[in-house]
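Following this message is one structure expressed as structure tokens.
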Amino acid sequence: MRDIQNQKDLREIDIQKAGVKGIKYPIVVLDRAHGTQHVNATINIYANLPHQFKGTHMSRFVEILNEFRGQINIKTFHTILQEIKDKLHAESAHMDIEFPYFIEKIAPVSGAKSLMEYRCFFSGQNNKGNSSDFLVGVVVPVTTVCPCSKEISEIGAHNQRSMVTVKVRFKKFFWIEDLIRLVEESASGEVYSLLKRVDEKYVTEKAHQNPMFVEDVVRNVAQQLNKNVNFLWYSVEAENFESIHNHSAYAYVEKNSKGSFT
Amino acid sequence: MRDIQNQKDLREIDIQKAGVKGIKYPIVVLDRAHGTQHVNATINIYANLPHQFKGTHMSRFVEILNEFRGQINIKTFHTILQEIKDKLHAESAHMDIEFPYFIEKIAPVSGAKSLMEYRCFFSGQNNKGNSSDFLVGVVVPVTTVCPCSKEISEIGAHNQRSMVTVKVRFKKFFWIEDLIRLVEESASGEVYSLLKRVDEKYVTEKAHQNPMFVEDVVRNVAQQLNKNVNFLWYSVEAENFESIHNHSAYAYVEKNSKGSFT
Amino acid sequence: MRDIQNQKDLREIDIQKAGVKGIKYPIVVLDRAHGTQHVNATINIYANLPHQFKGTHMSRFVEILNEFRGQINIKTFHTILQEIKDKLHAESAHMDIEFPYFIEKIAPVSGAKSLMEYRCFFSGQNNKGNSSDFLVGVVVPVTTVCPCSKEISEIGAHNQRSMVTVKVRFKKFFWIEDLIRLVEESASGEVYSLLKRVDEKYVTEKAHQNPMFVEDVVRNVAQQLNKNVNFLWYSVEAENFESIHNHSAYAYVEKNSKGSFT
Amino acid sequence: MRDIQNQKDLREIDIQKAGVKGIKYPIVVLDRAHGTQHVNATINIYANLPHQFKGTHMSRFVEILNEFRGQINIKTFHTILQEIKDKLHAESAHMDIEFPYFIEKIAPVSGAKSLMEYRCFFSGQNNKGNSSDFLVGVVVPVTTVCPCSKEISEIGAHNQRSMVTVKVRFKKFFWIEDLIRLVEESASGEVYSLLKRVDEKYVTEKAHQNPMFVEDVVRNVAQQLNKNVNFLWYSVEAENFESIHNHSAYAYVEKNSKGSFT
């Protein structure tokens, strides 16, 4: 059979990323409390394609995933990228892994236990000359109470669920549990799966004593990240699903922002 | 060219619906304040297919849409269904139309004007012997303040955006503006696109003086619908995007429910 | 603390479903090849609320989930529904569980192994007097080649990925692996995660020798389901993500359809 | 009333973007064939927030939108950004507008007319010292036929719908109609809303005579964009919804890529 992908290409256009996108795959990630956790991930894997080649051998990406089945995590990430470069004869390799991660939380007064889901992602690249890049991200639901509404109203204050997305570049291994914790402590209040009435009283009061704009949340998270020398870079965004509007309030802060955008 | 769709089929299986799904189409709907409104709809159109025929002529559905371009609305709906039956030689025809609809709202104190989006849908069927069915639906964002949280907490009460979905069968034409209004008046508070500080104080206080569970909202809406003899049937569902949980509280009530489900 | 939920309600409106929606939860389901499989599910749990009570005790639903952690599956489903009725003092209980399920597939020529994801769901209800209902559903991606396009074109035929959704009511336990298999054998071709070139040749040729309309797929599935006395009821829908259109072709067939709709 | 947003902030953290996200808004865009087109847009508007201020005045963003109602388009974009900077006393302003856009297409043989939807977006920023940036993007559905599958198979070739997303920076005004056309001519075939049988034969044959990998599509688009000096920068990505897999094949190329990523 002819290998169409290996044919010459004359258009002289290098492709930065070619590969497979949106593969659903069960993986096993590291879990501080239990050693490991089985999760259902969505994965993208790409390699560069130099201008002289017509196509990438897409099936090889899936073969590499199968090889590492059961061992796809933060520690093996760069080995997988190296394998992609080798098997695809590529100069750069890129992988994104997105997955739900469950942590047991304890309700603040009753002590009732329940599982909370957090969306997490790893995104990394290995380039020519072996320079590499790696991001870890978490999406953490929290509660925010509006300081303006609280100040001006006789009773109550509007509040809502907010999603905080943090991405970090870092020096050495850390537990995503700690990053999630840092975010939860930076908002008006935490979100739980199970709260009894005594807990509901506690979280309501705590949040109202601790009102925060969406801008306050990203600044609090940034301030904590600034204190930790392990984090070389970060971006923090928060989105409030406003209870009095049908749109979101939003804030974004990035360490060492160059001000450009795509 | 052979007409494959018209070939005989021997499997003896009648198909209830065959057609096109997810067509994006600009339509013009009736607007009480301005006469008409241009909206971007998503449309499904189906006809039944008797067991003896192999396939439906899918392109005819799109041709019918084009014929009625600019005149697809609550008043022409049944004419379109009849046209589908005729052109497709079918015994039944079905159409779903879903679209965003904008209404100008006035902030309660400042009087500031802004546009609010509501998701609306029409869904109808015309059967053998010309029996027919038609539903109109609206999805209305509102504010809910938790009565339990308010009762047990020293300060504040958790609150959130909620989405209320109402579907009705009815006797004679009505304005969706009135159905939306009925829902907005049945919750702890209304949602706006633009609120100045004096408005924010007002909506916060009003909502906290008017706490409601998700169950209260569906009952309030049902109670109002019960009073109006034009509504022969309804379903009401409300989903609270809880500010203290990462899941929703939900309630559903239906007039003359038969208790079955699919 | 006052129990607001337990207060009297005077509106005289029974609520069919009140509860929690969209809970993300890791569960362990039965797997024919490996005994069990860890999956990340999305769960809704509801109970009815008689007209005289103001609210449901939402936290109890999550407590029940926690009790059954690790044992939420097709065999324990009705025990969970019974527990909901007991703990909530309700006359009816309802639960929906939706999850991704992975099955190892073997490429048809090379024998290369890979994992395919299928979306599955359980949906069940337990009513007054203990009458109950239970549905199992699967969403299966397949390939369809258009018979009309093949017939009229000198070369090729348009083809696309299609999603087939099957829901069944049944008498006794069955493996979802068998239901998925039945669907995969009813289309122009199967979908795989990993295909080498010899496999790609095989699946392309097989699919083109086996062209099917979206109507053919639902009829083939229905025909196979009709042969199995274990299936008391079914609905089958297929959606073709047409390669020559930006909308889908769609067909729906249901056993013992009453022709009504919601 | 106290202006909480105007209070001093001591955390010394500049916020790059603070504002409102996901506002649904009807706008009127320029349409080459008809002058203007009414579309339902989704809009984000942000301003920077210097470290010394606690919060942004979110309602002003919506007021600015209302001011420009009916005149939000590619030509007024920078005036709106300037207005944001002025009204918010900000150093930079950012806006994203995403909307569906309809173009009438003519079937290649029958001449049948129908409307096709394309997703479009504008994204722009105005910085300190008035340096500014502006992107226009389009998402274009096309058909791709796999060259490998065609080469190795006795009959047929797998093909599928693909989505091509192009973003450009440019010197002077251009019509998005032309950018969409450029993409449609760079794939195996075009996608239509309405095709009669003679058209279906034509598009099937044309696509099979013109097989392309996902890498070919991005290179063809890039090659055409390279020829037009009006385009200073571009990114092109293509995603094939593979008919033989349950994941996508993907390729990305960018002019003057710096190789970094976020």
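Order of writing sets the chain letters: A, B, C and D. Residues in each chain are counted from 1.
To be clear about the criterion, contacts are C-beta pairs under 8 Å (C-beta built on N, C-alpha and C of every residue); 3 or more make two chains touch, one makes a residue touch a chain.
Nothing here was measured: the structure is a model prediction, and the numbers come from that model.
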{"item": "Selected pair, greater C-beta contact count between A-D and B-D", "value": "A-D"}
{"item": "Option in B-D, A-B or C-D whose residue-number contact pairs overlap A-C by over half", "value": "B-D"}
{"item": "Centre-to-centre distance between chain D and chain C (centres being mean Cα positions), rounded to whole Å", "value": "34"}
{"item": "Whole-Å gap separating chain A and chain D, where each centre is the average of the chain's CA atoms", "value": "24"}
{"item": "CA centroid of chain B to CA centroid of chain D, Å", "value": "29"}
{"item": "Set of chain D residues in contact with two or more other chains", "value": "1, 23-24, 117, 148, 152, 193, 195, 197, 201, 245-247"}
{"item": "Chain D contact footprint on chain C (complex, rising order)", "value": "116-117, 141, 143, 145-146, 148-150, 152-161, 189, 191-193, 195, 197, 200-201, 203-205, 207-209, 241-247"}
{"item": "Footprint of chain C on chain B - complex, ascending", "value": "1-2, 4-5, 9, 11, 13-24, 44, 46, 49, 54-56, 58, 92, 94, 123, 125, 127, 133, 135, 147-148, 151-152, 167, 213-216, 218-220, 222-223, 235, 239, 245-254, 257, 259-262"}
{"item": "Chain C-touching residues of chain A, taken from the complex the two chains share", "value": "1, 3, 23-26, 37-40, 59, 62-63, 66, 69, 100, 102, 112-115, 117, 193-198, 201"}
